[in-house]
Every structure is written in structure tokens, then in C-alpha cells.
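Two complexes come next, and they have one chain in common, chain A, joined by chain B in the first and chain C in the second.
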Partner chain A sequence: MRLPKFQYLEPATLAETIPLLMEHQGRSKVIAGGTDLLVALKQRLHTPAYLISLSNLAALKGIREEDGMVTIGPLTTLEGVSAAPLIREKLPGLAQAAWEVGSPLLRPMATIGGNLCLDNRCRFYNQSLFWRSARQPCCKAGGKVCHVTNKENACFSTYSGDVAPVLIALQAEIKLVGSQGERILPLEQFYTGDGRRPNLIGGGEAELLTEIRIPLSSHTGCMYKKYRLRDSIDFPVVGVAVALRLDQPQGICREAKIVITGVGSRPVEATQAGEKLTGREMRPEFILAASETAAAEIHPVRTDQVGPSFKRHLVRVMVAEIIRELGGVDR
Partner chain B sequence: MNYKPAPEGFAGVSLMKEKFTQVGKSVPRVDAPQKVKGEAIYTGDMTLPGMVYGKIKRCTEYAHAIIKKIDCSKALALPGVLAVLTGDEAPNKWGIVPQSANETALAVGKVRFHGEGVAAVAAVDEETAEAALDLIEVAYEPLPVLLDPFESMERAGEMLIHEDSPGNILHAGDQVYGDVDKAFTECAYVLEKEFRTSYVNHAFLEPHSALASYDPQNGQLHLWASSQVPHYLHRQMSNVLEIPMNKIRVTLPTVGGGFGGKGEAASSEFIACLLSRKTGRPVKVTFERNEVFFTHKGRHICYMKMKIGLDKNGYIQAVDFDNTLDGGAYAGWGVVVMFYTASMIHLPYKVPNARARVRRVYTNKPTCGAMRGLGGVQPRFAMECLLDELAEMMGVSPYELKIKNAVESGHTAINNLYVPHSEYKKCLQTAVEKSGYLEKHGKLPFGKGIGLAGGYYISGTAYTLYQSYKPHTSVLLRVDTEGGVTLHCAAAEIGQGCTTVMAQMAAEALGIRYEDVHIVLGDTELGAFDLGSFASRLTYAAGAAIKEAAAEINQKLKEVASGMLGCRADQLAIKDRKIYSMYETKKTIEWEKVVQACVNSVGALTSIGHYSPPRRKGIDLISGNRVQGANIGHSPTFGFSCQIHEVDVDLETGRIRVTKVTEAGDCGQAVNPMSVEGQVEGSIMFAMGQALYEEIKLDENGKLLNPSLHDYKTPTVMEMPEMDTNIVDSYDPTAPFGVKETGEGAVQPTIPAIVNAIDDAIGVRFTELPITPEKVLKALKKKKEAD
Partner chain C sequence: MKRIITLVVNGEQREVAVEPDLTLLEVLREDLGLTGTKKACNQGECGACTVLLDGKPVSSCLVLAVRAHGKAVVTVEGLAENGRLHPLQEAFVTYGAVQCGFCTPGVLLVAKALLDTNPHPTAQEIEQAIAGNICRCTGYVKIIEAITAVAQNQNI
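Then we have the complex of A and B:
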């Protein structure tokens, strides 16, 4: 497959980038690592007139820590995130999630910002133009009907990023910069839950993700587990991130955030499951209750090769496993 | 100088195990550095002056439909488009089996599967060619889509996929040897089960690519193609284009894997040639990955019923086999694959009574064809699993049962298959000892298991696919003072390593070093005849031809050297680039000096060696009657293999992990042990994909759901188990250099070994592939409910 024709723009600074985003709004795509975008372009999921490259924006790269907050530039590669000593030491769950993305050939190219902006996926959407031409366009591709559910005007495409669940569990914030200035918001608010336009800037808005901030004090332990059909290349069938704040090792849980990927149109937080743990000791019956609740809180549809009931089963198993490991509870 | 050496034994080979210096060494592959550095030239890398691009318009709408009308006028009017092509312009049928050839370069009259080509364009660049495809208008009248072979047979009265194939059956046949029913009545243990195998593709890395250059001045056509079978391609191209073979030259650039998928001609090749003839310009057609899945030719989906009976001592008395092969839309290798599945029940065990009833059915799916271990993998799965269960019924180890029934050297099966040499028992013993199978089987904790399976494969076939008595491989050796030694053969290096192996065998036969031999392969004009890279035939066939050719060269050199050394020619030996007297060791001379003397007096030395396989007939040994299709399965010799797989089944997620594989193989004398190891490890990964991960999926209309390497799940390096591969000590005295196959035999035991290991782990016997985590969880749940 070949790329469609486009003009390649390479602004030198962030200040130059925003006006370009404004000027070409609706007919441009931003390219960072390009590992997801180039495939989508080859499949003609997008045919933008312009690609606006961020490759010169060195200021958007790098990891630093100040005042109990880790700040990551969105152009930092996933390889860079997973290998950074600071992240490995203080945010091992994040290092793990970054390491689980794609394959070793992709991670040195793919950026963490790009991963957060990953478009939703569906077995009827992420296909070549030829494949899709055998059917009416689906809802996500501008058509009327969702081929998974046969419902009109509803898209059930699935968010499948590995990094966002961990960052949401860690209560990370992001900074968006646009012509109107900058705004800071919790990462969970970045995701819309609308499969057609799954995040605030994926629809070609003239805003750019410029910073990711992670507070270090929000948790005492965080872990990410990914289940996929093969242990490389594949997107998650299910990915589960859990961040716990315990008052002491193996003590009482003050806060629990459970965020799941691969099961809905956005990273899904199992809030009720989290509440089942809050104020409790790490005991098997509470862990079981939390995992059962988490499985009931998700509503997967068959957007990949795996059935919803299997996903629910995996969530039950994986949530329990992670909490046991974080809480130091034996099976 | 017309001396021809007298044949020693069969195929000009000696009967004693020889001491080798070049054969048996793990030398680096001669083609490896280029590939590792990314410098190898594949067809897709090539450009010729004036070259244009061909693209194929495929039917996306239906899996079965009459073509009412094709209008190419708008496409032809597009600037940059040089020609369009439709099926009517090349209606001659092609197919590797001439009796059932029923494919055309592009669909004629109707399409029979989703993605079939209906028209093609040649344009100055790929963009223009693709734009032109969109301008071609095709009107279809949809027909009922038959996806299930049983439904296809049932509804044949209402709808035929091919007018000339009643019942929607390509071919059906019964092979009956002995009295199977009577034998079962006398058996102490009888077990019958149904099995189904999955729809899998080879997933070779390089998609099909063809570059054709037709010279309108002299009518000469040159085709560069990614093929395993330059000869069969050559022959069929001649039929379709109606050009004599001597006006067509087929050249193989580097080929990026085949595994059977390039084991017959491909539509890309015909279309490139037809468009080149039409435009007078070189035309390149390279498939995209989804086109590889559409043109497919992968493993047949088999619906099998197998029944095995043992006497009270555990000796196999009878095997009854019923197989319905879902072959997809066209014939391809179908009839051959079908009869192979029938033949494969006769080995690697002694089976005194056997019956096979087989049929190969058309459906509206991409066509199945040849795939590594063709025809063997499916019945092996059934047989090795049944034997495992029978051993359980008897209360003995599967190892005991299998070794008791294993064939030995000199075995003649009841269908007249002759096994000149077998170390199968040694394979079983070695794998069992090295894996600790007997200590582990039935004794591991729930969720962990170990499984054993055996297998075998042919080392070449007995017959060409069209009626012919010609040798299957010819090798031309040329020795001179400029190029040194050059070996010319039209064989296909598809990554299996034949170049290196042929250099080693030629060097061995000529008494020189493998680095001294230049190998010219893959060109029907530069090389002497070869049938192609399939049926694990090349090492054996080329080895025999090389020995014959080298003997003649050696004789010429000895005659000259005898004058130079002052001793008799028949007392001379050639080894390590020296010619010397076997009795007077001081009489020795550099090999090169003798070559020089030879060339100075009579010019370059050349000789040609041939190989023709024995042509045994498929007969019923008891009645002496011919049995239809039973010539298929005969081979000059057979390779054997035993694999023991250890698995971990995650009881919570259903995921199966193969943790360790212990393999022991009888490949005769290994020419290059490192290459053997590569073939075996590759085989295991290849078959593991079918067992646990891979499956082509279709929707209810026959449209392919996962024609990409993202959605079609081949195992990655992360799924690779620890592998302990062992080459058992073996030497087939009837074979050149004692060799046998290794590229396909090791595919055979993998699936049943995994399935047997899963049974050992969780007490569930799976009979359908692939065994996905979802299926495992369901089975565990069912088992729990039953307990």
C-alpha cells in the first residue's frame, strides 16, 4: 500500500505550529512518530492535504521531576519513557505500559503523546480501502450504520491505548495549547467516549497536546497488565491499570482507581469497583467483589476478534490479580 | 572421453556410509550475507527501462456472481493508462494438475470467490493504475454463495460452482486395502473420532511479484517472478499465452519464502505477461498482502473421520479414514492433496488393512492448495491424537504404542509404498529420552502437560504432474580455469537453502571446497531442467544428479592426471583439491593444475547429470490391482520426526503456551546441520501457528475478514518455545550422500503433539483448530460442569 499525496509541513517552533493548525484545520493531520498515522493513511482512513510534523519541536521532548510532579513531553518516545530511570523507579506501572505497546521496532519511533491520541479501533474500520469498499461505510468512516451492532448513528469503536489507563489511574493532567491560549485538564476529560471523535483534538482541532503531568503523591502502588493474542505487535484485548493508595503496606486502601482499555469507546474507569476497595483492608473477599464489580461495569462489543464475554472474564481475572499483587495478598 | 560411469546401486550411489569433508558441515548459507544486509534483490525491487505497473481489479461485491458486463472504456481513456485486460482475452485454463486445470488469468463469465480478479490495467505509475481500477465498471448478477463443503454438495442440484463438476466435487476416490471391516471385528481396542482443521495461509514475507518483458521484435518473453516452480510456471505460461516454451524465459530473483504458496503459477504472473505483450513494455505486478490472501492456495480445510483398531497387544490392525476437503473455488493442487491425505495413513506405522474415502469439494472461498507438509498435516493430527487416546485405553504409554508399530527400513506398506530406510524408532527414543517424557507424562500438575507425536514426509515424488518420463532434475557442471566450478540448474532457491546444500554436495563429489563452487539457479534458460521446489525433493534429486555429473568430470580429470603423475587413472582419488594415487601417496598433484592441463588441451570441461525417481505403482499388494490415486505418496525415501511439546495452560485466561519442544529427526545424512536446525525450528513455529493462533475468517457472504498480517495472527518470536532439536544418526544407503528431506517432515508432529500435551494438562481432547483461549475456557467450564 502506498501513502496518499500530501504536503509536508515542518514548523520550527510551537509558536509557528499553532497558526498552521488553524490555517489548515479540517484538512491536516499532525504527525509525531507516525506509527499509527502512516498505517491509517495507507488504508485511506484519512487523506489530509497537509501533514504537520512536530519533529522540530525539541521542547516537547523529555522527562523531568519537580515538586512531586513528573512532567513528560509528549514527543518523548515510548522507548524513552519505558527506559527512563526516573519512570522505572517512581512510576513502574507507566514504564510497563509504555513497554507493552506494539513491538520493539515501533517503540523507538512512537511517542507517548501519539499513544494518548490513538484513534479508536474496530475490525470494520481499521482495514484497507479495498476491504472497506466491499461494504457500506461504517459510522466511523462517515456512513450511517455501525457494522458491529447494526445500530444507526452510533459508533462502538474501541479505545485500545496502553498508556492512558495508567495515566488516568495516576490522576495525570495534560496541557493543551491552541490559539486561545493553553488549558490544563485531567486526562480522563480528554476522552469523549464518542467512537467517531474519541478525543478533544483528534478531529483536527487547532490544539496541541504539549505536556503530561503526573503527581507522585496520588498513589502508593500502580500496575498495568495487558492481555493480547500474541505477546508482541498486538493491541490489547484487555488492558487493566490499577493505582492504589494504601495507608501502609498491606494496610487500608484510601483510594483505588481501576482503569481499563480495550473494552469501550474510551479508557473506562471502574469507579464502583474502586469504591468497593476504598476504606477496606486488602482481603480476598473485597478483592473478589471489586473484580466482579469491574467486570459488570464494562460493556464491550465485538470490535476485534474476541467476544465480549471473554473480555469480561479477563477483566475479572486481571483486576483481581493486579490488586492482589499491589496489596501483597496471596492467592 | 565419452566415459559414463556404471551405475553403482540405485541412482548412482554407493551402498556404504561415506566419509565426507564438505557434506555434514554447518557452513554459513551462501545467500545469508546479502539478505542480512538488505542487499538481496527481490522481484519487487526491480525496474526495467520503460517499465509500467499492472494492477488488478478484484470483485469486492460478491463471492459468487455472473459477470454481466465489464466496461473498461473510462479506465482506458485515463491519461497514463496503456492497456486494460479482461478474462476473455486469455481464456486458456491453467492449473498445476493438467487434468483439472480450471483457472484463468482473470475471471471469465463469473467470479467464484470474494476478491477474484476480473480486469487488469497497465499504467505509467501505481497511482494511475489504481485510479483506473476505480473507473472500470462491472455489472454482476449474484449467485448463491456456498461456503460450507457439505452444503455445497447438498445444494449442487441447485447451484454448480463449476459446470463440469457435478455435485460440486472436484474429485472423489476410495482406496481400499485388505478387509478393514473384518479386521475391526477382531480388534481388542477400537476408537473413532471426527476432526476438523482450520483455514490457514502460508504468510510468507514476500508477496507474489512478477515482472514481464515481451519483446515485440522477436516474440521473446522474459518473466522474473517470485515462484517455487519456474518449470510449471513456464509450461502454463506457454499454454495461456500460446507462445512456445522456447520463446519464454523464467528467471527467479531472490524469493522471500514460498511454503507451497508459490508452488503453482499465480495470476500476477499471467497478468504481467499478458499486459507486457499488449503494451510492448515491461510490466510489473506486485501483490498487496490482501491479494496474497485472496489468491491464497493455503492448507485445505479437512473434515475427517478416522477409526483405528488395535489387537490385544497393541498392534494396529486397521485404519479407516474418511475425509472431506474444503478446497475453495478452483482445483489447483486439490486432487493431489486429496490423495496425499489418503496415502498418509499408511505410515509411519505398519497398517495391514486400510481404507480411505476422500472427496475434494468446491466452495466459494479463496482456493486451497499446497502448503508445507501438504496432505500430511491433517491426517497426522487425527492419527497421532487417536493413537494417544488408544494408548490411554490400553493403559500404556503412547510412546510404547507408537514405537511398537513404527516402521523400519525396508518396509513395504500394503499400498506398495516402499520405505528403503527408517530411523523413526530412533527419533521416538531420542525425543523421549531427551525430554524426560516418560517421567512427566500423566504426572504433571493440572494445567501443565506434555505430548508426543510422530510424523514423516516424502523426499520427492515419483511422478511429474503431467505425463512424462523425463528426468526430474538435471545438473550441468562446468569446470574451467576462469570461473572455476559452476553448477547450472533451474532449481528454485526459495529460502530453504538449496544453494548452499548443492554447493556442499558438488564440492564433496568433486573433491574440492564448497566455497569453490558457483551455483547458478532459478533460470529456465541458464539452468538445466528442474521440476521445482516442492515435495521436499531437491536435496535428494539434485544430489543424485550432481553425483552423476561429477563422476564424469572426475573421470576426465583422472585420465589427464594419470599421464601427469605416471599411474593408472583408476588408482586415483580426488579429495581436498588434490588428485593423488590411493597406493602411492607421493604421487599427488594440485587439482587446479590438472584442470589447467585439461582446459589447455581440450577446453572447458562440462558434464550433465540427471535424476529420475523410481516409478513404483500404487497397487493393492494382496490383489495386485491398481488403485486410483495411489501413485501419489510414493517417494524414493522418507524423512521421519518425533516431537515432544510441553505446554502451560493458564486456567484463568485459557491461554496456551508451548514452553519447550524436544525434537528428533531422521533426515538421513544432514548435508548442513545448521540448515536442518533452521528448517526444523521454522517448521515447528509454522505448525504451531495453525494449532493455536492462525485462521482466515469469512463473513456469512464469503468476504474475508482478516486479510492482513495484523489481523491474521501468526505467532511472533515472543511465542517461540525453547527448542531442543536433534538430528539422529542416519544414513540412507540408497540415497545420494545418504540424504533425506527435512523441510516438511518436521511440520507433521507439531499439531498433534500440542493437542496431546493439552490433554495431558487439562484432560480435554480438542479435535478442532485453532485452539484459542476462548475455546479452552469453554472446554474447562464444560469439564467442570461434567465433573
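Then we have the complex of A and C:
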């Protein structure tokens, strides 16, 4: 299948980009690495009149550390993030998550910003035009009914980015720049939970993600694990990120942030599980209780080949595994 | 509107007029006649369309041709030199790492990129490097053997 016709715009600076976003709002798409967008275009999920390329915005690339904060430009490739010595040394969980995205052929092109802006996915939506033409358009494709749940005006498509859960667990912030100026917000507020418009800028808003900032002092250990059907290349069935702050190695947990992808219309934080662990020692019974709680507080629906009960099981196993590894607890 | 782009394809400078909605894969196959690069899933999942873009293996079905402007592209046609097969190609023949052959151009290029940056990879590094290239004949063992042989400079 070929790409639809579009006009290709290549602004040279951020200052040129924002007016273009405003001028073509609603009929344009922003292209960073393009590894996900071009597939969606080929499937005719979008047919924008304009494609606004960010490839000339060199200022949005690169990784640096200042004032106890790691700042990543959203156009940094996932390969660049996973291979950067600074990230590997200080944020190994993030390096791992970036490395788990797609395949080695996609990571040199795909960007971390593009991954954060990943559209939600569903087995009834991410299909070719021909496949989708067999039934009425689903809610996400502009129709009325969600084919997964048969509910009207509610989309249950699943967020399946790998990087966002780690960044949320690490309490990262992002900077959005638009015509009204810039704003900085916690990454978790970037996601809406509405499957049709999963993040603040995915609906064609005239705003651009320009910076990702990660504080370095908030945790003692962070890890990401991903379960997928094909180990070499796939979206996660379930991905779990945990960031722990312990008072000493194998000591008492002061803070636990558990964020899960693949189980809801946004990256889902298992807050109750995190609270259950807080103030506790790293002992098997507490870890088990937290993982049981995490499995109970998510509400996956069958948007891919894997059903909700198995996703719950995966969460239970993966959360416990990660906390054991971070806490230095034997099985 | 068409644009003129310049590519260095297998060491040779080429100018092509392309529409922005063409992928690098389509330009290589249809405008430049380099059909060694295969079109299979066309969604970046299978690796059959792999080319080296400035030395890095990428799925050319997900690269807009206009974005490759000014870059160096290596396709499978660029591996042989002066009528002699590349050592990797020799090894693939010797070890029987080719069955239907559809994934072979992509795997060869990924292997070349790996050995260019890491001349003596471990078996695990080889497996990870070719993870994005799907061989439906499932001949992975012989592919890995062939790449290992070249890495160890064995007589092919």
C-alpha cells in the first residue's frame, strides 16, 4: 500500500513551526521519526493535507545534564537514548525501555518524543482500510460504537508506548510550546485517558513537545520489563516500570511508583500498590501484596490478542519480579 | 510537487525527482531499478526492505525519500565489488543461509552494519542485530553461523 498524497513542509526553526501548526490545524500531521505515523498513513487512518517535518529542528535533539536534571530533546532517536553513556549510567531503566521499542531497524529513526506521542492502538483500528471496510467505523475512526465493548461514544483503545511508563515513574516533566507560549507539566498529565485523543497534542493541537526533563534524585532504582508476543519486535502486551526509593539497600521503601502500559487508554499508575509498599521492608509477603493490588486495580479490555485475565496475571508476576530485583530480594 | 533529491547510492551519486509521498523503498526499486531491496510487509515489521542509510540499517519502507536527501544509501547490490561477492554473501552461500532468499538482502545489510561497528560480535549480539529481520523459512541458525564465520575470519 502506498502513502496518500500530501504536501511536505520542512520548517527550519521552532519559531517557523508553530505558525505552520496553527495555519494547518486539523489538516496536518507532525512527523518526527515517522516509524509509526507512516504505517498509519498507509492504512489510511489519517489522510492529512500537510506533513510538517521536524527533521531540521536540530535544537530538539540531544541529551544533557544540568542542575540534577537530565534533559532530553524529543527528537533524540531511541537508539541514541538507549546508547547514551549518561542515560545508561544514571537512568538504566530508561535506556532499557528505549531499547525495548520496536526492532533495531526502527530505533535509529524513531524518536523518544514520537514514542511519547504514540497514538493508542486497538485490534479494530490499526488495520488496513480494506480490513476496516468490512464493518462500520469504530468509535476511534469516527464512528459511534466501540467494537471491543459495544459501547457507544467510548473508545477503549490501549496506550502501548514503552518509554512513558518509565518516565512517569521517574517523575519526568515535559515542555510544550505553542502560540500562547510554553508550559511545563508532569508527563502523566500529558495523557488524557480518552482513546480517541490520547494526549494533549495528538488531536492536531498547535503545540509541540520540545523538552523532556528527568530529575535524578527521586529514586534509588528503576527498571522496565516488557512482555510481548514476538520478542524481537512488537508492542508490549504489558510493560511495567517501577521506580523505588529505599532508605538503604534492601531497606525500607520510602516511595514506590509503579506505572503500567498496555492495560488502559493511558499509562496507568498502580497507586494503591505503590502505597502498599511504601513504609514497608523489602520482604516477600509485602512484595506479593503489592503485586496482587496492582493486578486488581487495572482494568484492561481485549484490544489485542491477549485477554484481560492474562494481562492481570502478567502484571502480578512482572510487578513482583521487578520489585524483588530492585530490592535485592531472593525469590 | 516533485523535488530533486541527491542520494549517494552504493557509492554513486544519483539525482531523482520524487513526490514527497514516495518512500525510499519505492524510489530505489522503481526509479533506480534496484530491486534487490524487497518490499514485503511495507509496515516496518519484517526487515526485507532494509538498506543502510549513512551506515545504519533502517526499514526503507518507513523512510520518506525526501528525507534521504544528501545521505549515503547502501543496498544489497552495493555489497559485491569488482565482480566478487562480499565475504558475507560468500558465507551465506557456503553455510546454506539462503532458502527462499526474500529476507537475505536485509539480513546481509544488517550483518554488514554489525560487523562494520563490531567486528567480533558474540552470538547474542548477532541475534539481537538481526532481530528485526524475519525469515519465514526459519533458517536463523545457518544465518547466525554464516555471520559468525565471517566475524571469525574463517576460510569460507
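Here is the rule we use: the second predicted complex is superposed on the first by the 331 of 331 C-alpha atoms of A that agree within 3 Å, B and C clash if a C-alpha of one lies under 4 Å from a C-alpha of the other, contacts with A are read in each partner's own complex, and residues count from 1 in each chain.
Simple rule for what comes next: contacts are C-beta pairs under 8 Å (C-beta built on N, C-alpha and C of every residue); 3 or more make two chains touch, one makes a residue touch a chain.
Computed from a prediction, not measured in an experiment: that's the story for all the values here.
K.L.:
Would you check which partner chain A:Ala59 touches, where first means chain B only, second means chain C only, and both and neither mean what they say?
P.N.:
In the superposed model, A:Ala59 contacts neither chain B nor chain C.
K.L.:
Does chain B (first) or chain C (second) touch A:His313, or do both, or does neither?
P.N.:
first
K.L.:
Identify the partner contact of A:Ile233: answer first if only chain B is touched, second if only chain C is, both if each is, neither if none is.
P.N.:
both
K.L.:
Applying the touch criterion given at the start, work out whether A:Leu3 contacts chain B, chain C, both or neither, answering first, second, both or neither.
P.N.:
It touches chain C, and chain B stays clear.
K.L.:
Taking the superposition as given, does A:Leu216 touch the first partner, chain B, the second, chain C, both, or neither?
P.N.:
neither
K.L.:
After lining up the shared chain so the two structures overlap, which partner does A:Arg123 touch, if you call chain B first and chain C second: first, second, both or neither?
P.N.:
A:Arg123 sits against chain B, while chain C stays out of touch.
K.L.:
Using the superposition on chain A described above, determine whether A:Pro108 touches chain B (first), chain C (second), both, or neither.
P.N.:
So A:Pro108 only meets chain C here.
K.L.:
A:Ala49 in the overlay: touching chain B, chain C, both, or neither? Say first, second, both or neither.
P.N.:
After superposing on A, A:Ala49 lies clear of both chain B and chain C.
K.L.:
I'd like to know which partner A:Ile184 touches here: chain B for first, chain C for second, both or neither.
P.N.:
It touches nothing on chain B or chain C.
K.L.:
Shared contact residues on chain A, chain B side and chain C side combined as an intersection?
P.N.:
In chain A, residues 1-2, 5, 103, 231-233 are touched by chain B and also by chain C.
K.L.:
Using the touch rule from the top, collect the residues of chain C that touch chain A in their complex.
P.N.:
Result: residues 1, 19-23, 26, 42-45, 47, 50, 53, 56-59, 61-64, 66-67, 110, 128-129, 131-134 of chain C touch chain A.
K.L.:
Given the complex with chain C, which residues does chain A contribute to the contact?
P.N.:
1-8, 31, 34-35, 38-39, 42, 51, 53, 55, 79, 102-106, 108-109, 231-233
K.L.:
Any idea which chain A residues touch chain B in the complex?
P.N.:
For chain A paired with chain B, touching residues are 1-2, 5, 103, 123, 126-128, 130-131, 133-135, 227, 229-234, 305-307, 310, 313-314, 317, 321.
K.L.:
Enumerate the contact residues on chain B facing chain A in the complex.
P.N.:
It is residues 58, 60-61, 114, 126-127, 288, 290, 652-653, 655, 693, 697, 703-708, 710-711, 713, 715-719, 773-774, 777 of chain B that touch chain A.
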